[in-house]
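Next come two complexes, and both contain subunit A; in the first it sits with subunit B, in the second with subunit C.
Right after this comes the complex of A and B.
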């Protein structure tokens, strides 16, 4: 029982970080109908910004985190929107999806060539002391990761539901034309979605990199898991992405612990196909109907 | 370009393809052969992406299925030609099974499902080592021997591959011109109108994906005897992306786009060898720049230049169709 609890809680901790990535992904999808295939690389990169800040400019760790967050928002939010998404979107969704795939390769290979192909240690934000919860031994890091990611999700939900800007963003996501008529600055709301996505990716990066080490190839699995979490939970819902992320984190850990470690990576696929067959709109999603 | 000039143009290309390897070393012939193999895989993906408008990220896994089926059977003593239909059918059926759930939902679900499928195939090939040899892979597949014409020599294998490529291209030409092919195009240009005209969009898209996957399998059955060594790592996600980018760079939705794209992707690393590790960085940056300015690919560049310098010439009919990729 205590082992089960341990597996469950550490799964929730990883799952909550997946959820952050999945939420960013969902936001960009809603705002610009853009499927960002470089999302995994967006999570890989901020950790390297922090490392570069520490080694190149000699910043202390906490300042370097802020530096990494700021650079991520500018590069992965603003520049991604202005230089890639905006000019390509008029050519069609598929063209943009392929461009984000090329962008993923570009980011990954750049880190490999210009920084290092080796995994880099990344300082942990939280102490990694083991603590005892009902007989289960957990790391403090896991618990605090879980708490912090949930806090970020709650803050984001409050922002989207309770503030004027947040509601304008939701209106833009639901119907850009009507939102524009009602006086919402649609372009700015779309930009906000990109910026928030970049910030969420950076936060997820800071939380997950101490566990996985900073490596150029980190994005491959993370990106896929985030997509699947978003689809499983429900593409048009923030709480859906949260549920999807937590579910995949927990199931992944349970499979590895009790069923098979070799095919652990196959679990998201099985879940994805199962959900598409049974409930294509996702667990929490509302059906949009099939417009062809 | 009118019909006669097009025939001349295609014949010219064929003569060029026949003459290209003569007097070249084994390595150059090897590179040219792999260009043809990847052109076949890209041609299949072009049907899925360029004509039916769906992204598949599993073309490398279909190559893997084709390659492993052929390798296992030829190693067990079968003739290559007998393994071919099995490999094609296997890929077609897997394509149907994979595409069916994904295409039930709107949006780009096929992209995600195929992305995950690629990972799954890689895992199975690596973990089931009783069958696939695990990460050591399979070695020493014999090249097909047709009595009078043995393909053991590199040059002979090239001509054999060229023959298969021409047949595959003819088959694709037939598919694109058939009522199915027209339905694929209708679907890409305007799905709502296609559906209202009675095209069963879901079934047609599924079919395009499955046929495209079978072309991937064909490429796989050729790559196994070409390299005579296969391992799971040669069919990873990165390779699926590579094939996808071939289609896009060449010009998706154009019949000859995949050939051009495969040439660029296979030959460019040889030319840019001096850039060493920076090759992929340069390449992916160029792809993004190209998508910003000429989303219809390199064939689109040519079309644009033609229009600029010889505006009175009639643009090739199949070019006009390709430009509307959405």
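Right after this comes the complex of A and C.
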């Protein structure tokens, strides 16, 4: 029982981090009608911003986290939109998709070049001592990662549903032309989506890197799994990305523990094929319209 | 007309200088995992060789010729490693130093063999010296020698009756796993849980949960550096309480750096370690390495260093740049640290290229590996 609880908890904790990344996919899809294939590298990079803040500027860890978050929002949000998405989008969504692939390679190789190919240690936000829950010894770090990730998703959902800016973003996602006629500043709403995506990627980075270790190649796996999570859950729904992320995290761990560790990497792909065959719009997705 | 003569004269001069330079230097092909998952091992191997080359050149080179080390990155890919060994040989390498990952060495050592080029490897899979390749030589003992050195620790020190195994499913991990399981069977210790993981695996939650549930008295951990660090971090998160004992990598400086406090308490048998500063040669190498690269050397750095120096010693014994004669000389060769100080410890190679030398038991205490015992050469 203790093993099952721990495996389930670890799966939920990792899955909730996948969900943060998958939500980023969804947001960019809604805002720019494109898939950001550099999303994995967007999660890899903020950890290196933090490490750079600590080693180059001598910042304490918590200040370095804020520094990493701020730099991520500027570089991966503002600059990504202004320098990559905005100039290329008029040439078509496919062109932008290819551009994001190139951007992903550029980011990965840049980190490898400037920070070395070796993995780097990354401090954990939460203590990694185990705690005793109803007789089962569980990871405190997993519990707090799960709580924080879910809190971020809840806060984002409330922001989108309960605030004027959030509703304007939803309107922009559903029909930019009508939203503009109704007085919504569409360009600004799209910018907000990019900034939120960058912030989510940075937060996911801070939570997952203590486990994965900071390495230039981290984005490869993360990007792929989060992309699959977004499709499995439903690409046009935040709650879909959440469900997809959690589902993949849990199934991955349960498979490794009780079925086979050897083929665990294939599981998300099997799930993807199954969902596409049975429910192409994803578990929570809708086949018409878009809504964040 | 004048220009034509000047061009011809320049070309002739350049050709003469190049030929003279080629005759004055000996090329060593350093083929290693400089990127990809093997980068921590490969970069240390390279840097150990750099120090050796600098020292060798300061002492007059090999047979009076300066040493040039060419760097070839395998990207931790066996097929690339094969191409890189070929490239190094095409570039005129007299000997190959590398690779470290056994999966790569298994593929690329055939290329060196076909060209009669001596090859010093950092790999530890037992199968490497069992292929009848007369040109391959280890720079540390293979798992079939290193892992049995741990048996006494499990029987006498830990007094374990049931153990678990967590290993990496690659050539290196499989070699160590098979030898360990066989050794445990011989001494009557039951392996109650056997957990394989994949190379570059990032999530060890399920692996550690399975080990915890089986509750062995100790766990043998046999993985590469990054995987070892991730395993230790997860073990700490889940409160895996039993002793974690490894061979070579588990207590390495890079693993300790990556795992931080989670590495405390980890125990390993190591063929050679930079922390064995009671050995004068190791202390001197460690100091020089730290001064040069501003970090602590790993055992891979020492292995690369020993490989480069052995190339010099044996070539000068042979007296010629002859791969066949070099290979012949290496069979059954023993070098003592008293006569050949840069070999660091008394070392022998058997007729298969396997190495024997004294080794160490190490435990991580307060974030640093500490020697807790020595093991005689087996």
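The criterion applied here is as follows: the second predicted complex is superposed on the first by the 286 of 292 C-alpha atoms of A that agree within 3 Å, B and C clash if a C-alpha of one lies under 4 Å from a C-alpha of the other, contacts with A are read in each partner's own complex, and residues count from 1 in each chain.
The rule is simple: a contact is a pair of C-beta atoms (placed from the backbone, for glycine too) under 8 Å apart; a residue touches a chain by one contact, two chains touch by 3 or more.
Model, not experiment: these values are computed from the prediction.
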| item | value |
| --- | --- |
| Superposed partners subunit B and subunit C on subunit A - clash or fit | fit |
| Touched partner set for A:265, first subunit B, second subunit C, both or neither | both |
| Angle, in degrees and to the nearest 10, that opens at subunit A between the C-alpha centres of subunit B and subunit C | 70 |
| First (subunit B), second (subunit C), both or neither touched by A:211 | second |
| Touching partner for A:10 - first (subunit B), second (subunit C), both, neither | second |
| Touched partner set for A:91, first subunit B, second subunit C, both or neither | first |
| Partner chain(s) touched by A:137 [first = subunit B, second = subunit C, both, neither] | second |
| Which of subunit B and subunit C A:257 touches, first, second, both or neither | second |
| Partner chain(s) touched by A:82 [first = subunit B, second = subunit C, both, neither] | neither |
| Which of subunit B and subunit C A:188 touches, first, second, both or neither | neither |
| First, second, both or neither for A:118, with subunit B first and subunit C second | second |
| Gap in Å between nearest CA atoms once subunit C and subunit B share a frame through chain A | 6 |
| Shared subunit A contacts, counted only where both subunit B and subunit C touch the same residue | 112, 262, 265 |
| Subunit A residues touching subunit C - in the complex, by the definition given at the top | 2-3, 6-7, 10-11, 14, 112, 116-121, 123, 128-130, 137-142, 210-213, 215, 217-218, 221, 252-254, 256-257, 261-262, 264-265 |
| Residues of subunit C that touch subunit A when the two form their complex | 34-36, 39-40, 43, 169, 195-198, 200, 202-203, 205-207, 209-210, 212-213, 226, 229-230, 233-234, 236-239, 254, 257-260, 262 |
| Residues of subunit B defined as touching subunit A within the complex | 49, 53, 55, 101-102, 104-109, 111-113, 115-117, 119-120, 123, 127, 191-192, 195, 201, 237, 241, 244-245, 248, 277-278, 280-281, 283-285, 287-288, 291-292, 295, 325-326 |
| Residue ranges of subunit A in contact with subunit B within the complex | 35, 37, 84, 87-88, 91-99, 101-103, 105-106, 109-110, 112-113, 220, 224, 227-228, 231, 235, 262-263, 265-266, 268-269, 272-273, 276-277, 280, 288, 290-292 |
